[in-house]
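Quick notes on the structure that follows.
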Amino acid sequence: MEAPSATKETNGPTNGQAHPPPDMYLQPTQRATGNFTEELEGQKTSENISGIRSALGLHSNAPIAEEHDLAEHQDLMWSRVKLALREPLAEFFGVFILVLFGDGSVAQVLLSNKAGTSTQTTAPGGSGFGAYQSISWGWGLGVMLGIYVAGDSGAYLNPAITFANCYYRQLPWRRFPMYFLAQFLGGFVAAGVIYANYVNAINAYEGGPGLRTVPPAPNATAGVFCTYPQPFLTKTSQFFSEFIASTILMFVIFALKDESNNGASKGGGNWFPLGLFFLIFGLGACFGWETGYAINFARDFGPRLMSFALGYGHEVWSAGGYYFWIPMVAPFCGCWFGGLLYDGFIYTGESPVNTPWLGLKYLIRPDLAVKARIERRRRLEAQGTPV
Amino acid sequence: MEAPSATKETNGPTNGQAHPPPDMYLQPTQRATGNFTEELEGQKTSENISGIRSALGLHSNAPIAEEHDLAEHQDLMWSRVKLALREPLAEFFGVFILVLFGDGSVAQVLLSNKAGTSTQTTAPGGSGFGAYQSISWGWGLGVMLGIYVAGDSGAYLNPAITFANCYYRQLPWRRFPMYFLAQFLGGFVAAGVIYANYVNAINAYEGGPGLRTVPPAPNATAGVFCTYPQPFLTKTSQFFSEFIASTILMFVIFALKDESNNGASKGGGNWFPLGLFFLIFGLGACFGWETGYAINFARDFGPRLMSFALGYGHEVWSAGGYYFWIPMVAPFCGCWFGGLLYDGFIYTGESPVNTPWLGLKYLIRPDLAVKARIERRRRLEAQGTPV
Amino acid sequence: MEAPSATKETNGPTNGQAHPPPDMYLQPTQRATGNFTEELEGQKTSENISGIRSALGLHSNAPIAEEHDLAEHQDLMWSRVKLALREPLAEFFGVFILVLFGDGSVAQVLLSNKAGTSTQTTAPGGSGFGAYQSISWGWGLGVMLGIYVAGDSGAYLNPAITFANCYYRQLPWRRFPMYFLAQFLGGFVAAGVIYANYVNAINAYEGGPGLRTVPPAPNATAGVFCTYPQPFLTKTSQFFSEFIASTILMFVIFALKDESNNGASKGGGNWFPLGLFFLIFGLGACFGWETGYAINFARDFGPRLMSFALGYGHEVWSAGGYYFWIPMVAPFCGCWFGGLLYDGFIYTGESPVNTPWLGLKYLIRPDLAVKARIERRRRLEAQGTPV
Amino acid sequence: MEAPSATKETNGPTNGQAHPPPDMYLQPTQRATGNFTEELEGQKTSENISGIRSALGLHSNAPIAEEHDLAEHQDLMWSRVKLALREPLAEFFGVFILVLFGDGSVAQVLLSNKAGTSTQTTAPGGSGFGAYQSISWGWGLGVMLGIYVAGDSGAYLNPAITFANCYYRQLPWRRFPMYFLAQFLGGFVAAGVIYANYVNAINAYEGGPGLRTVPPAPNATAGVFCTYPQPFLTKTSQFFSEFIASTILMFVIFALKDESNNGASKGGGNWFPLGLFFLIFGLGACFGWETGYAINFARDFGPRLMSFALGYGHEVWSAGGYYFWIPMVAPFCGCWFGGLLYDGFIYTGESPVNTPWLGLKYLIRPDLAVKARIERRRRLEAQGTPV
């Protein structure tokens, strides 16, 4: 889907420095003072680690604060591993926190509200430990806190968002595989932790330790881990619901990240994580019913695979008319389209959409894309920007 | 309704530069450093685009960051269209996002809570996918995210607010038509997207694909798109409810935008979007029951027209005793009155209220208003402020 | 209760300048740069207005931004009235907004939830237009937005908080009467607006236009305007509940305003209004049940008097065993005690508690308090701080 | 558990200055300008107070703003007591506020929702004064406001977090006992205030003034004060639930405090308290059902002891299979593990994990830890950093 063939020539491991630092995640003031640049220059990432990192598709220099880089512990084996895998570790733990809170909120609301059992009556107020809105809170703040955790990798936390940043924002395509793997594993492991935490409650809800069922079974608990569509939806509507939510997600994220947009970028302060809380909360409150607003391969497929491994059976794939592929594919389509909308109508900076034929020319003439990329690097080098 | 005849002489297309940049949307620190001014001077908006923009009632220079303006893509056709329609596009997408979240939240809460159907029982907790409070969240964060998206146009997102800014804050009246059109279209299109997303659920709720009914019909779904009043309201109360909500809206927005008010403007940070979240949330929680707090021509009439186009029938106009005109007119009256209250009792800066007879003199002597405007431009030019 | 006799000699109208600007409401950075001082010096408040303001107990110079003060409209009658009454107008509208949202939220939740009537069934979800939590939102964001509106007066919005600032933070006692009057009127008028907005719904809830009843009557609507205690409370518990909530209110506000407390004051940004949202929300969610967390003379007595004027009868005073005086008195006691706790255990700056005998010496030797005040003014003058 | 033997030699009272100021709680900009350092140098804490403070395990210089330190009241007895106990007082009141809001929210939701009594029917909307989500709000904003109050002590508010900061972040171990005592007392006293406030409601709920019962008794009110586990949990699950919640707590706090993590530290503004609101809210919404997310010795044991003193009987200890020790022990284990995860995979600064054998070498060679600590102090002194 995202074969980086067109860019491989210029982005191979041998010239790992050949891309800008991920400074789209820095605040404008930081850019202005250029302190990130200084950090990069001050770094002492060894040749050895640089080689490994380039081979993994990462920038040859790990994003690490200068004063930490000078610490004497760089010769320790584990510290070198951390350095080599810095961004993947950040993405892993970002998605890990995201899914812990997200799946945890579904688990608590679903499992504590079973009518006719003793779980509900123990709640203060007698109506369970949370309602649907708790789930909006859980996913919203999970994304917010995940972004705080994964600050050093760009905090994409979603393969479709990584994909759109490669497509529209010059993130090198060779980053994609490692980021993708880390994000998927974060969701996979977090689902296992949620299962371990709620296993007693799942047993009580299903009716016994041996029972594990998938919606629309009456006591199904598989919905704790991944999304299942409402029964009244056609296949087209399943796809459209995920598609439109992903489109909104990417459109608003690009607006929040757009330095030339007065709405979000001016006035200082790191409002992005809080903005994402509101965005994800809103998607849950306004587009979360029909298909559960997966909008994220890592958040849906990772836990789905874990639930399969935990014994929920083949129905995790076949439920909803083999719905499982929709939250794998639709987020990529939706984020691509959301980026197209934003770049096509609002964004004025460097984007394939702001090239001839709205960027479609590159599709039939990939050599032009390569040429534009080389051109761009030369311009940045001439300006003294580290590339 | 707001014929700009009195100001046309001085604001015709021929002197498009004759107004200040919309710097009331910048933070104080930005004004101080004057970086917006530099951006404007650095711009290379071609003569051709300037002419089109002036003809549309926009400032002759598009608000665009300097480094983006230097990009080589300005010679592309689509990039020129984007530049010519920059503010209308921003307003369109701002209202688009606003109505997507707002109408989406109503759709989800209303359609997922039908007693006696299968939609409700699938909810974690068994009581639908959201309650009334979700709707407060939806509209509140819709406005917040819409403001982030529409930062480059001023993010009015509401014709009545544009109107009040023309009346009280020297926004040129000739801006109004294009902003109005863009805002209306944003609401219109967003309602169509919501319909496409929830069409299966609407069918299930109404009882079939051919049924589309308007409150107070028992299975009515027209309330997803636009507002309908409670049955116990008199016509006066319908108007008053919209009027008082719009008054509060404008009063608080002017307070939040008032640079000389220590409450909001001091201490740095772009708190305006978050403040609007709380304001809209509060209007929904405190004044949202009786008439649904439309307080916005674009948010109500746009989706109402779309629902008419989608087959909800003549009742979208006749319901509530031909209530439909109230959310068209009352917001203008309310925002005008809210501005009058704020300028009349709190605001100390330049405002028609701070002129002889509380500004009423201008109503009978429009030549004085024109003279004051010319005077003002001269003073700003003498200070070196770009006008 | 707060007779300013001890301080009158030094604070009479003749030396109106003899107190510092209310810069405890400025951010630290503003103090450092002293821009508020410059504003004051640049002001051209006429002798005439200064005299009126001093006679009203206000600072002789109105808090107004310099560039506004230079505007030519200072010779207009109404502009001079606004200038003379600047802080009272700010407090009036601050409490007005506060009570509009607060009472509005109670009205909407209470009146839209009557079982067995048609009002409830029209709600999306079928359970009324809001639940108890909406009321926490309403009061919390009402305070937040009221603070934004009333930034130029200090935004006390509560006579007990004004009182504690006079007692502990050197706000001149002669400010108290005008602030008190403005705050009371704000609550009084806002309650009338809420009544006008919800009169149809009140009629429907009570059972007819002529019926106006007070809790514990079954269809009582008086609770929309002011607080009534739960029936199981003793008089002592009524008092204690208001007392402890007011204590927490003042304790946390003093912490949030304490420049020497790293918790709130460092790191920049105007977090105070948002902090107050959470504080008031929390008081509603944690201490709001028993007596309705009035914690504010203006918020409770103002609307109570309005409801009496609107025909709710003598029961507005006699309900709950003549409970009405408790939200008048307890907030003053609680805020006094909260200030004592904060200054006695945390605050290290200038406070009567940080004087001999924890400040109690001043109670028996008021001449010492006067002497300390004179001493303080001299010290500030020597430092060049405007007093 | 946290015997500070290994470090005592270098951290005895005689060299109280031998540790850095708690500047991990300052914003990056403050560090850069070094204004905290200047404050310390400007301090005039008397020799006498310094000695007492060192004996208590505190830094010899109290954290106090310079201009306050110059005030003439330092010779007052009570002011000296405040100075000597500055951090413990801050921690006491921080936990006090935290537990007031937290326990208060549980009390209001639990006690106002008893089916079949008159308490519920008085609620606007008829369903009690709050639902489970109110409790998430209560604890979340309690922590947030507690952090604002306790800014001068570091605002740990939790012995397990103090412990992890000693272990991973070079907070001297001798701080632990006083902080621990203050935190415990804060929770203990706050529970008493909550009892005093809600004693009438507790009587009504239990059925009489003499009745005080513990879950799973049908009218139990002991859950107001401390946590009791769900009946379906095994002992292992009880422990795991507290463990995983504490792990997440520490992991995210370390991320939010990590200056080298772009996620939270860059862009300015004091976002930490708001971030903690979302974190605690999330733990309540996602991990709060099974064991009540105590995650804090002081929050659970303090109120538990108070409820025992108030007559809830031996069951406060024996309930849930002598569950009471789990919220005492699990938070320490969880916070230790959360810190290990963060430092082991993300953190690049100075930490025992970033030493040979992931820090485990220090366990068998404590002399190396001492040596490293001395080494570190020398390096800081050479750089001119006050230690």
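Note that the chains are named A, B, C and D in the order they appear, and that numbering of residues resets to 1 at the start of each chain.
Everything that follows uses one rule, which is that a residue touches a chain if its C-beta (ideal position, glycine included) is under 8 Å from a C-beta of that chain, and two chains touch if they have at least 3 such contacts.
Predicted model only: the values in this text are computed from it and were never measured.
Per the C-alpha superposition, chain B sits rotated 90 degrees relative to chain C, a value rounded to a multiple of 5.
Although chain A and chain D carry the same sequence, what matters here is overlap: shared residue numbers make up under half of all numbers found at their interface.
Taking the mean of C-alpha positions as each chain's centre, the chain lying farthest from the centre of chain C is A. Rounded to whole angstrom units, the spacing between the C-alpha centres of chain C and chain D is 32. For this pair, chain A with chain C, the centres built from the Cα atoms lie 45 Å apart. Shared contact sites, meaning residues of chain A that touch two or more other chains, fall at 127-128, 130-131, 133, 268-269, 274.
Across the complex, chain A is touched by residues 25-27, 29-30, 63-65, 67-69, 71, 73, 76, 78-79, 82-83, 89-90, 92-93, 97, 100-102, 104-105, 107-108, 111-112, 118-119, 122-131, 133-134, 137-138, 141-142, 144-145, 147-152, 155, 193, 196-201, 203-204, 268-270, 273-274, 277 of chain B. Touching chain C in their complex are the following residues of chain B: 106, 109-110, 113, 115, 127-128, 130-133, 135-136, 215-216, 223, 230-234, 237, 240-241, 244, 248, 251-252, 255-256, 259-269, 271, 274-275, 278-279, 281-282, 285-290, 341, 344-346, 348-350, 354-356, 358.
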